[in-house]
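The structure appears right after this line, and notes come after that.
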Amino acid sequence: MSEPVLSVRDLRVWYGTARGPVRAVDGVSFDLMPGETLGLVGESGCGKSTLGRGLMGLLPDGAAIDGEVRYEDRDLLTLSPKRQRDIRGPDIAMIFQEPMTRLDPLMRIEDHFSETLKTHEPDLSAKEIRKRSLEALGGMGIPPTRFRQYPHEFSGGMRQRIMIALALVLRPRVVIADEPTTALDVLVEAQILRILADLRRNFDTALLLITHNLGIVAEACDRVAVMYAGKIVEEGRSRDVFREPDHPYTQALLGSIISLSTTGLRYIPGAPPDLSEPPPGCRFHPRCVDAMAVCASQEPIEERPAPGRRVSCWLYGPTYEIPEGGTEPLERQEIAVADEA
Amino acid sequence: MPTRPETETAPLLDVRDLTTYFSLRGSFGSRLIGHEAGSVKAVDGVSFQLRHGEVLGLVGESGSGKTTLGRTILGLADATSGSIRLDGVEIAGLSESAFRPYRRRMQIVFQDPHASLNPAMDLLTAVGHPLVIHGLVTSPEALRAAVGDALTRVGLTPVDRFFGKFPSDLSGGQKQRAVLARAIILGPELLVADEPVSMLDMSVRAKILELMLRLKVELDLTYLYITHDLATAKFFCDRIAIMYLGRIVEIGPTASIFADPKHPYTVSLLKAIPDPDPDRTVPRDLPRGEVPDAVNPPLGCSFHPRCPRAFASCGWEGRDLTDLLERRWTAMAEEEFEQERSVVGDLASMEVASTTASVPAAKGHNGEDVLDLLKRIRQEDPEEPLWTGVRDMTAQGDGVLVAFAEPEEPMLRAVDDVEVACNLFDAVR
Amino acid sequence: MKRSGSLRSYVITRVLLAFPMLLILLTVVFLLMRVAPGDPITAALGGRVSAEELARRRHDAGYDRPLPIQYLEYLRGVATLNLGTTILDNRPMTQVIAQNGAATLELSFFAMIVAMVSGVGIGLIAGRYRDTAADLGGRLFGIVLYAAPVFFLGFLAQLTFGKWLDWLPTSGQTSPIVGATLATHTNLLVIDTIIDRNWTAFQDVVRHLIMPSVVLGLVIGGVFIRLVRVNLLQTMKGDYVEAARARGVKEGRVVYKHAFKNALVPVITIMGLEFAVLLSGAVLTEETFNWPGIGSELVRYLDNRDYIAVQGIIVVTGIVVVIVSLAIDILNAWVDPRIRY
Amino acid sequence: MTSQLETPPVPSSVDEDADLSPMQQRRLGALRRMWAPMHDAKGMPKVIVWVGIGITLAFVLMAIFATQIAPYAFDQYQTADGVRFVKQQAPSAQHLFGTNVMSTDVLSRVIFGSRTAIEVVLLSLFVSMAIGLPLGLISGYHGGKLDRTLVLFMDAMLAFPSLLFAIVIAFLLSKTFGHGVVTAALAISIVYVPQYFRVVRNHVISIREESYVEAARALGARPWTIMRRYVLQNVIQNVPIIATLNAADAILTLAALGFLGYGIQPTEAAEWGYDIQRAISDAGAGIWWTGLFPGLAIVLLVTGLTLVGEGLNDVLNPVIRKRPIQEVELPPREGTAPVQDEVAAP
């Protein structure tokens, strides 16, 4: 088994607000292996985008981060801002959600590439820069005839390809893609997903794909981590998780998706918790159909029901940690529409 | 749970050859020098019928004209030509004031619940405003009662708690419920729902769709459901119309379309939806490119530049040749590309939407050079569908004149129990 | 897929667009000057000459003809740059423009340089280091500068640097002796003295120029501070700025190449409008420092009810305004490729 | 197209005032919505607004009670017994700010000047808003030829040096209205009409594209109702910002008019700009008090108004508004969360 290229341990990202800290990411651990695609799914507000930005060192002012982000024997969180910056791009690159606004409107595509390459490889000649840029663009299907055009001359799908080319031109080992296709049409989305799926094959690049779309995860990811209210509640090979979800939240989430095979409507009652005052115990317990007495008082302990699989839910034990009477079903309160998301 | 319409009665809504063009307001200057600003053909000849109690899905990507079609039916955009009949009465081309009575019978729900409520109005005022506008309430008590009733129907209870709320106090799902309450308070027959759930979170979508289905039964509503999402359309609609660049390319019962999609565009769409089925992988054979510009749509069938099954009469033209060259160059090494690029002149000057195209030679090259290049490209990949549509290539002094086959505009034709607009089914007929 | 329009075709359309704007201005001026006070001759000479004499002079000047004819005559005069002769001192308007206009041009030009350097510089620092002492200081400086009437600043400067410190002259464009001996080639005294290599006179001219141009420049600069700061804050939040950071681009480059350049686009537009403020300020500065510019001439002629002169000066100002706004738009199109169509 | 922006979750305020009755809640709602950002504002923006409000209020009080506060009348050049004040006298116990070239008391003229300034500003704000607001509303909402014509016209006006316009108009109006407050106010109003027009129109155009305006049309609302209930209600929120900023600017224009001699004549009322003009020639003689005090009054009042406007803008304008940053300190871990060295791998 090879070493993980990126390994995150107990990462916390909290935002300060007037009403107290918001625990956007609250104790998240995972590993990313070379060349694999890990899907990070969750509903909006679960902290998945914050997590991605936290890994990149791109958090807004007033956010606190701790834990460990290990990349090549270095803890990224302890590096100086300058060293962090050197890693952004050639080692860890990011692709964003809205391609339309991610390119500087006053700069030609060519200038975006030369700026990026010159920043990290100052010795490149102009000719090499052009060659590398055209290669990267060509790989994304952008014709060389359009190299000197401005961003506004491209459609949304093409801009996202340019953004990907811009990320790949430095040949990073890790790419973090934050909802890369959400703003795009179905056919274009499929094109972009195909490009991302080809990444691992052609470049041995590890991809962290952050999305709310379970369909994308099922098709494009090797493994999946499900996030709820700032925590990863379940992780495993995507095939396994989709076939047999362990965590009640994963089950409910999969059940609520409307897909081509949907025959009835199901949904999760209630709304995700306010992350400045998360519920005690398991954060999902107020909405969980399987909630037990212990869930309301004690945070679940991570268990591994199968190799390569982990889940944080009291249903999977460990039984010796559950206090007397803890397995009694929890008396549930009525959840009104008034509290829905 | 699609519900089949019971009998063949007169349609509630009958749309015939509807077009909606938006003329581009060219700048003062461009009109001064005589530039034609042109128009966006947002809806370009659409016909369909909607029966009482039916749910028709209008499915398409952005730019397909589905939203404009919905807005035109509701008189929010002006129809350029064609007819819209509501219960047999023509409503296309009516003035704003003449249209007003019909607004009680047709309502709309917009995509973005955050933007569809006036941020400066509380729910009591906002939901009750339609009644005030049409002069249907006389007292504040009656207004409260009616609004309370509507809010109860959409599940915003206890209503007293919601009367004084402003949109900024509500969650996305709650806002969409409020919008639905406002839409049903006038007792409409037809509800146009423009992507009502696409801005909502996964776990909320099902709730809103369920609510809409319940309202349909309780209030005997007919829906025109506009969406880009085939999955919800499959679940929600009785019939589906697939739109591409202002036209319906395929229309028919939901089950038939999903079981046996006819139009190549429908086939690709179905293939492209990401599905949480762990055994699916990313599809490979997808149409290239993106939805073209609706100001200058492609000749013949609008989908032909992206169509994997296109052939001679689909409407090949100069722009397709440009695309072909650019695709070829994209895949080439830089030196090869530079070498070929130096032969051909400015491609942007090529004719748009014409069956002939002159490919200019670059400075220092003549038509023969360009012709040689084109011939070589054709030889290397004779399977490329474009070449089926090329009738003739002749070298002229400083370029090559390429003649394409006459295009054929696909019309909607009945194939099995659906209607398809595709030249492939021309032969079948 | 839009292809970018050429700058040239943009310039052509924009030049054509300038004509209606000019026509509107000219018409407003005509209506104000002609309809409201009656005809200029009566206004200037009414009661001072006999009725016959007045009628004769009105007829000579064509003011007894119908208004539409007068309007056309007026437009023809403007088109042929024949703006008449002043009633008060019988100077051809062209001479007024050439001599006094040059003095205003000289003042405005150097004031603009002061405004750019102080305004853009401080604005940049305030926006870049938001909510720091530098930001607070810069903003307050900007607000106080904006709040101080230019003539009040002039008064304080005269008191301090003229009277108490006795560093600089407080009035006029030259010392009387220098002024009498100066040859005028361009009417721009700084240039004229350089042409003649008359360094004593040059020094004298520059010493006279410093106080008025710095005072006027600072006042205009106050507006720029606010403008640059706000726009920089907006662009610093831009998606492309975050994307550039995610590629590891150095912070300095992110700020200056991406944020600042984009912030300049709206700033340039508003600078066009600020030109009008600059002209207003120039009138006041000229009055304060006895500067023989076109503004103080305007006031003098207005005092004497010389409508021909007033109308001429306003028409020329209008033409200059239209030309400047044209230049600003073209500059904007040059910077921002999205504007060309 | 879905777009699910993920922002740090903001706690909803649904139950904030649950103890109020629904009707009370409703009535308070509108006010609360207007003032919530002001109330939530922290740090610099808040300080700025309140300092500005303080300064402005001081001047308003000074204007209202000018007669009571000022030691002399604004045009009084002699004592009650007919003893003429000494001309250009340095500050003394008798004349705290000294006297000027007209032998009037500088302090009194400064105090009465605030009355003039506030009268002119209020009147001109009213007039320019009364013209600019509806024009902008109609032009922006209806669009078309009317809009294009008005925009071209207003832009031309806006590009022209406003002071020159004001001078000419003040000059022309003085024949009818004399050299008092009304003339100055009207001249200034005309300068600001294009500004209101422009701001209101641009805002209307952005609001016109909102779904809720289209929804109102779909409901059958008449254009007038839409303009009033859906557009104006949302445009109006920005008016205080423009109004305060324009008020500041109007004071400067008034002073400039006075400075050039086309504003209010000294016999009509006290006006700071005019006083500074008379003081310019004093500078050479080292007489500082005649110009300094009226000048400071202008600077202070304009700064006060600008601070209010800027602060409001910071607080209300979402584009540059920044959620107040609170530093977070991560509490030490609670030991229960297991830190594992090896997590699941494929």
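A, B, C and D are the chain letters, set down in written order, and residue numbers restart from 1 in every chain.
Convention: a contact is a pair of C-beta atoms (placed from the backbone, for glycine too) under 8 Å apart; a residue touches a chain by one contact, two chains touch by 3 or more.
From a predicted model like this one, the values you see are computed outputs, not experimental measurements.
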## Note on the structure
Maximum distance between Cα centroids and chain A occurs for chain C
### Message
Of the chain pairs C-D and A-C, which one is connected by the greater count of C-beta contacts?
### Response
C-D
## Note on the structure
Averaging C-alpha coordinates per chain, one finds the centres of chain C and chain D separated by a number of Å equal to 25
### Summary
Cα centre of chain A to Cα centre of chain C, whole Å, reads 54
#### Entry: Between chain D and chain A, distance of the C-alpha-averaged centres to the nearest whole Å
46
### Message
Can you list every residue of chain A that touches 2 or more other chains, as numbers and ranges?
### Response
44, 98, 155, 185, 212, 338
### Residues of chain B whose C-beta touches two or more other chains
28, 62, 161, 171, 201, 228
### Query
In chain D, which residues are in touch with two or more of the other chains?
1-4, 12, 14
### Task
Would you tell me which residues of chain B are touching chain A in their complex?
1, 61-62, 155-158, 161-162, 171-174, 177, 201-207, 209-210, 213, 228-232, 234-235, 258, 268-284, 286-288, 290-291, 326-327, 329-332, 334, 337, 341, 347
## Note on the structure
Listed in rising order, the residues of chain B that touch chain D in the complex are 28, 62, 71, 74, 76, 96-97, 100, 103-104, 107-108, 110-112, 115-122, 124, 129-130, 133-134, 160-161, 163-166, 168-171, 179, 182, 186, 195, 198-199, 201, 228
### Query
Given the complex with chain B, which residues does chain A contribute to the contact?
43-44, 130-131, 134-135, 137-138, 141-146, 155-158, 185-191, 193-194, 197, 212-220, 238-240, 242-243, 252-254, 256-268, 271, 336-338, 340-341
### Query
Once bound in the complex, which stretches of chain D touch chain B?
1-4, 12-14, 22-23, 25-27, 29-30, 33, 148, 210-212, 214-223, 225, 229-230, 233-234, 237
### Task
In the complex, go through chain C and note every residue touching chain A.
1-4, 238-240, 242-251, 253, 257-258, 261-262, 265, 335-338
